[in-house]
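What follows is a group of structures, each given as C-alpha cells.
Same chain, two partners: chain A is paired with chain B first, then with chain C.
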Partner chain A sequence: MNANRARETLIDPTLSDQALAVVRKPSVWEILTSEKYFKWTLLIPLLLLLLVFMLYPLFYCIYYSFHEWGMQGDALFIGLKNYRQMLHDGSFMEALARTLEVLVICIVAELAIGLGLALLWNREFKGQNIVRGLALLPLLVAPLVLSLLWNFMLEYDFGAVNQILTAVGLGKVYWWSPQFALFTICLITIWQWLPFSIFVLLAGLRSLPRDVFEAAKVDGASGWYTFRRLTLPMLSPLIMIIVVLRTMWLIRLFDPLYGTTRGGVGTELLDWIVYRTAFVYFDVGYGSAMAIFSLFLTIALCAVMFRLLMKSLGVIK
Partner chain B sequence: MKRIAALLSCALVIIGGTVVGAMAQDAKFGLEDIPEIKNKSALNTIVETGQVWDRIMPYIEEFTKKTGVKINVERVASPVVYSKENVELMGGTGYYDVVYVETAWTTEWSAYLHKLEELASKYDPAGVEGFRQDIAHHSPSILICGQAYGEQMVLPFYTYHMSMFVRQDVFDDPTEQANFKAKYGYELKAAATAKELYDQGEFFTRKKGDLLKGKPLEHDLYGLAMMAGAYQINDEISCRMWGKGADYATVVRDADGKLKEFVITKKDKDALKETFAEYKKELQWASPGCLTANFDFVVAQQGEGRAIIQPHQFSNCFAWTASIVKEKVPDGKLGIWPTVGGQPYTGAWSVGVAKASKNPEAAYWLVRYLASFECHQAVMKEGGQLSTRMDVLSDPMWHTAENKYPFGILCDYLIDSWKKQAAYVPNYWYFNTKAGGKVYEMQMNVFHKPMAGEASVDQAVQEVVAKTLELTSKFDKTVPIREEK
Partner chain C sequence: MMKRALFWAATLIVLAIVIGPLLWIYLTAFKASGDIFTTELKKLIVFAPTLDNFQRLMTDYPYWFNLGNTAIVSVVSTIFVMLVSLPAAYSFARWNTGGGHLLFVTISTRMFPGVVAALPFFIIFRTLGLLDTHVGLILLYIYFNTSFATFLLYGFFRDVPAELEQAAMIDGYGRMEIFRKVVFPLILPGLAVTTVFCLIWSWNEFFYAFLFTRLTARTVNVLISSFWGSIEVQYGPMAAGAGIAILPTLVAAWLMQRYIIRGLTFGAVKG
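Here is the complex of A and B:
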C-alpha cells in the first residue's frame, strides 16, 4: 500500500501514512475546487464558449473585412479597400443616417412614454395586475412575427388599422409611403419595446425612498419640482441603462424590416444592408467591413453612455 | 385461305406491335422503375413551407418505403432557401444531397451540382436515353432554364411562369367595351402594348359610386394591381424587358454557340429606362399599397374586386385569385393572357443533386421521382401548384366542362406560352451567368427605388448597370461582362 502510494507521489516509501497525507500531491478535483483556482474553474467554461462563439467569429470577421471573398476560392487580401468603399457608398451612409434617426426617435419616445406610464401605474388602481400583464405581451412575441402582423394590420386597403380609421371617418393612412415608412418602422419598434422601459422605470419608482418625498411634501415642494429635482435624478441610472441597452439593440434593428418593407421605401437600416451584402450578395469581405464598423459604432456609443451612467451613479466624476 | 390467315396474322402482329410500342412510349417513369439502390445513407434536403410540399411528403415516404433510403426534409420560408443552401454548397459540406433550386441560380450553382445525364448513365438501367425520354414530357423552355452550359443540372418541380390576369367579365361587358372604344378609339382587349395597358389602367381606375358594368361601385377601384415592393418587382420588370427584346445584359456567343461575353448594350439600357418609366407611370393606376406589395396583396386586390388587371402575376396564383373572385364577386370571372410583349418571366422551382452528396445514387432517383408524372399530378391536383409537365397539363381532367375554368384555360395558356417562348429562353441572361442569383437579389432592391421616389429613373438605371457589372465580374469568372458606352 505504502509502496503504491510512494510510486504515485514519488515520495520516500518509508514515510508513514500520516506524513504522506500531509505532503501528497493534491488531486485535480482538489486543485479545481481550491480557493486559489475555483474562480477559474467557474470562468474557464464560459471563456471557452466566448472564445468559440464570440471571439473566433469576431476575428474571422475582422480578417475577412480586409479581403475580397465571395465564398468561392481563396480570399484575396485587399487591405483597407472595403473600408474605403464603405465611406464612399451612398447606400451605406444613408442606412447609417437612418439608423441614427431611428435610434433617437425610438429612445426618446420610449423613455418619454415609458416614464409617463410608469408614473401613472405607480399608483394603486383597480385591475392593475391585468393592465401590467397585458402591457408585457408585445415583449413576449417574436419580433419577426410581430413585424408580419403589423404588415397586415397597416396594409393600405385591407389592413385592420385603416379599416378602423375609415369606420370612424378619419380616412386611410398610407403607412408605408416613402414619407411615413421609416416612422412606421419606429412605431412598430416602440410598440414592442415600450414595456421594457415602463417596467424598468416602474421598478425604479417602486424602490425610491419614501422619506425623501415625504420631507419634500412637508417643505411644500410642488409635484413638478419634486419630479424634476428628486424623481428624475434618482431614476437617472436606470434611464442610462435603458439608453445603453436600447442603443445596442436598435443599431442591430432588423426584424421589423424583414416582415414589412424588406429595406424598401427608404427604410434600409445598417443591419439590413450588412445582411444584404453578406448573405444575399455573399460579398463576405465588404459585408464583414460593414459589420465591424457597426460593432465599433455600438462600442463607441455605449462607451460614452456608460461613462455618463457611471457619472450618474457617482462612481466617477 | 392460308394467305388470308397469314395476312390477318401479319395485320395482328403489326397492330399489336404498334399498340405495345405506343404503350411503351407512353409508359411513364414511376416508383416501380427505380432499381435497387445500394447506398442506403439517408438524404437531406431543404424545401419551402406551404401546401405543395405538405402534399408531396406522403410521396417522399413512399419513396423511402420502396428504396429503404430515409429522406430528411428541412422546411423553411422560400426567401431563406437560397442563403441556407448557398452556404452549404459553397462550403462543400455535402449537407444537402438534394438541392432545391430557383432556376435563376442553376448556372451559379452548376459547379456544385451533378450533371443529371452523367448520373443517369451511371445509375439508370434505361441510361441517358431513358432519362431523356422521360424529361421530354416537361416544358421545353422550363427545361432550358434548368440547364447550365447546355447540361441538364436540375429538373423542374413546379412553375411560376408569369402571365396577365384580367377581369374577363368586365372586359367582355358591352357597356365597358363601348365606353372604352369611345374614349380611346380602339377595342377593349387584353393589353399587348404598354400604351394599351396604361389606357386600361386609367380607364378602370374609378371612385366609389362610379359605375362598373352599369352598377355603382361600393369602394374605390384601381385599374392595375402591381408588386412594386422590394421583393418581386424584378420579375415584373423582366417580363417587360424581355418583351422589348432586351435583357439586363445581352448574351454573345461565338460561331460554335459557346458563350463569348455578356454586353450591357445601349439597347438594354434604353429598354430598362423605358421599362422603369412605363412601370412608374402605370403605378398611378394602382393602389398606393402596391408600393410595398408582394404577390399575396395583389391577388387579394383583384380577388376582392378592387383591381381589374394584374399585368404581371405568377400563373400559379391564377386558380387562387379565381377562387377569391368566385367568393367575393359572384358574377366575376378571370382571363389569363400573355404579359405585354409576350415574353413573361419564366422558371420553376427545381431539384438537383449536390456534388458533395454522400449518396448521389439515391439523390438522383429522388430527383427523378419528384419530376415524374405521378408527383407532378399530385403537385397540380393536391398541392394547388402548376406542373411543368405537358402530359400533366394536357390531361383531359383539366379540360372538362367543370374544370375548364380556371384550370383548363390556365393549362392552355402555359402550353402555348412555353412553346412560343422556348426559342428565346436559351439567351436570357439570368440563365447563362453564374452571377444570376446575386444580380437577381440586387435588382429587387434597386428596381424598387425609382418607384418609391428614392432615386430617379436615370439614377436607378446607372445603379443597376454598375452593380450588374460589379457583381458579375466578381461572381462569374468564366464569361467576361462589359458595358457598351
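Here is the complex of A and C:
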C-alpha cells in the first residue's frame, strides 16, 4: 500500500498511459531507492504516523471543544461556550495559576542548586565517575513509583523524613497540609530532576575554553566577576535548553499528583483538571477545550525558546 | 585540607539525599508490617528482614502477569518506533529533508499535553474495542516515542561523516547498500542508546496505561498505584513491587551514564 501511495505522488500525473509505458522502465523499488526520491521514501512511515497520531487527535480535540458531549449519544454544537466557561471557571484558573507557580519554583530551584553543584563538581576528583553514576540514578526511575515512595516517606507519623527531623530536634512537618502540599509536590519534582540540571550545566562548564579564564585571571578579574561576565553568558545556551525542556515536562505534571494528593489539598494542576473533567465527569467537550488551551499555552511558552534552541543546534538557519 | 573536607561533606550529603529514598524502597520491601508502621527511630534501619511482602505480592496479586504486560508493550512498541524513526532520522540528517520544518513538526508532537491525544484515542479505541488491549497501548506508546527517537537518532546520524557515503557511492554502492553496509554499523551504538531510552519511557509510562488498561493489559505501574488509595495502604507489597519494577531502569541508568544527558536533551547536549 505504501508503495502504491508513493508511486502516485512520484509520477507526474500529466503523463499519459502511453508515455508512462515508455518512461516507467524502472521498478517501483528502484524508483523508491533512486537518488532523487530515496530521502522521501525513508520518511513515508513517519509521515503516515504523524498524519494518524498527530493530526487526527488534534482535529478531534478541536472539534469536540466546540461541542457538548458526555461520551453518550450525539454531540451538541455549542460554539465557543466551552471556552467562555473556562474563563469564568474558578477552579480552572486556580489550576492554571498553580501550574505556572510550580513551573517557576521548580525551574528556578533546579537552575540555582544545579549550577551550584555543577560548579562544585567541575574538577577532577577521586571517584567522580561513581558520584556521577549514583547522582544520575533518579532520572530514569518511573515518576509514579517515586511519587508513591515520597508519599510514604513524608507521611506525618510513620514517614522516615519526619522521624529523622524529630530525631535531630526539628519538629515534624505536616507535608500534605493545604499550605504545604503544593510545595511538597515541587520538592519531589525537584529531587528527581535536579541531576538533569547539574549534569547539563556540568557538560557546559567542561566545554568552556580554558584560555579565556586564564586571561581573565592574569588581568586580575575577581572570581565573582569572571563568573558573571564569562561563565554565565557562556552557559546561557544550556540554561535555555534546561528551561525549554523543563517547561515542556512540567506543564504536563500528572504522575507526582496521582501517587500523592490526587489533585486534593490545593494541588490540582492543569493536566489533572483536564483529566478530571474528561475522564471522571465525562464532560468531553469542556475537557477538550481545556486540553486545547493547555496545548496552546505550551506552544506559546515554548515556541520562541524552541526556535532559539533549534538555531543553536544548527537545524534552522 | 579544610576545603577538601568541605567538598566531600557537601558531596556526601547530596549523594545521601539522592540515594537515600531509592534505598528506602528496598529497605521497606524487606520489612514486616510492624516495622513499617512504627515510630521507633532505630527501626528505620535495624529490623528483622522478611520476604513476606514479596510472597503476598506474588500470591495476592497478578504481579508477574502485569510485569509481563509492561515488558510486551515496551518491547513491541520500541521495535515499531525504530522501524519508523531510523529511516526518517537518516533522511533528516543526510538531506535535511523538509528544510528543518518537518523535523520541527515531528518534535512538536512531544510538546502535546498527554490529554490532547488521550481523549480522541479513548473514544476511538472504545468504538474499535481496543481499550484494555496490548495493541491499543502499543499504538499509544509508538505515538509518544517516535518523535523522541527520531530526534535522538538524528543527532547520531549527523555524527557520521558524509564523505564515507560519497566514497561508497564512487565504489558503485546503491543507496540501500550504503545504508546497510556503511551507515548502519556506524550508527549501532546510537541505535542501542535510543532503543534503551524508548524501552525505559514505555516501561515508566503511567498516564496512558492508567487510562487505557484495566485487567488484561494492566501494566505493573498501574498495579503498584492501586496499592495506594484502597482502604488499607499496602506499603509493604507496594515497595516490593516497585523495587522489582524499577530494577531494570536503575541498571540501565548505571550502564548508560554517558548517554543519559544526551538522551534527555534530545541530543542537544553531548554530556
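Here is the rule we use: the second predicted complex is superposed on the first by the 280 of 317 C-alpha atoms of A that agree within 3 Å, B and C clash if a C-alpha of one lies under 4 Å from a C-alpha of the other, contacts with A are read in each partner's own complex, and residues count from 1 in each chain.
Simple rule for what comes next: a residue touches a chain if its C-beta (ideal position, glycine included) is under 8 Å from a C-beta of that chain, and two chains touch if they have at least 3 such contacts.
These figures come from a predicted structure and were not determined experimentally.
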**Request:** Return first, second, both or neither, reflecting whether A:54 touches chain B, chain C, both chains, or no partner chain.
**Result:** second
**Prompt:** Between chain B (first) and chain C (second), which, if any, makes contact with A:262: first, second, both or neither?
**Reply:** both
**Asked** Does chain A have more residues touched by chain B or by chain C?
**Response** C
**Prompt:** Taking the superposition as given, does A:71 touch the first partner, chain B, the second, chain C, both, or neither?
**Reply:** both
**Asked** In the superposed arrangement, which partner chain does A:102 touch: chain B (first), chain C (second), both, or neither?
**Response** neither
**Item:** Contacts of A:140 with chain B and chain C, given as first, second, both or neither
**Value:** second
**Prompt:** Given the touch rule stated above, what does A:253 touch, chain B (first), chain C (second), both, or neither?
**Reply:** neither
**Message:** Under the stated touch criterion, which partner chain does A:156 make contact with: chain B (first), chain C (second), both, or neither?
**Reply:** first
**Request:** Return first, second, both or neither, reflecting whether A:45 touches chain B, chain C, both chains, or no partner chain.
**Result:** second
**Complete:** After superposition on chain A, the chain A residues reached by both chain B and chain C are 71, 157-158, 262, 279
**Prompt:** Mind pulling up the chain A residues that touch chain C in the complex?
**Reply:** 33-35, 38-43, 45-46, 49-50, 53-54, 56-58, 60-61, 64, 71, 117, 120-121, 125, 129, 131-146, 148-153, 157-158, 160, 163-164, 166-167, 191, 194-196, 199-200, 203-204, 238, 241, 245, 248, 251-252, 254-255, 258-259, 262, 270-271, 274-275, 278-279, 284, 287-288, 290-292, 294-295, 298-299, 302, 306, 309-310, 312-313, 315-317
**Request:** Over in the complex, which chain A residues touch chain B? Could you list them?
**Result:** 68, 70-72, 155-158, 174, 176-178, 181, 260-266, 268, 276, 279-283
**Residues of chain B that touch chain A when the two form their complex** = 83, 86-87, 90-91, 229-231, 287-289, 291-292, 297, 300-301, 304, 306, 438, 441-442, 444-445, 448, 452-454, 471, 474-475
**Prompt:** Where on chain C is chain A touching in the complex?
**Reply:** 7, 10-11, 14-15, 17-19, 21-22, 24-25, 28, 36-39, 41, 44, 83-85, 87-88, 90-91, 94-95, 97-98, 100-106, 108-123, 126, 139, 142-143, 146, 150, 174-176, 200, 203-204, 206-207, 210-211, 221, 224-225, 227-229, 235, 238-239, 242, 245-246, 249-250, 252-254, 257, 260-261, 264-266, 268-271
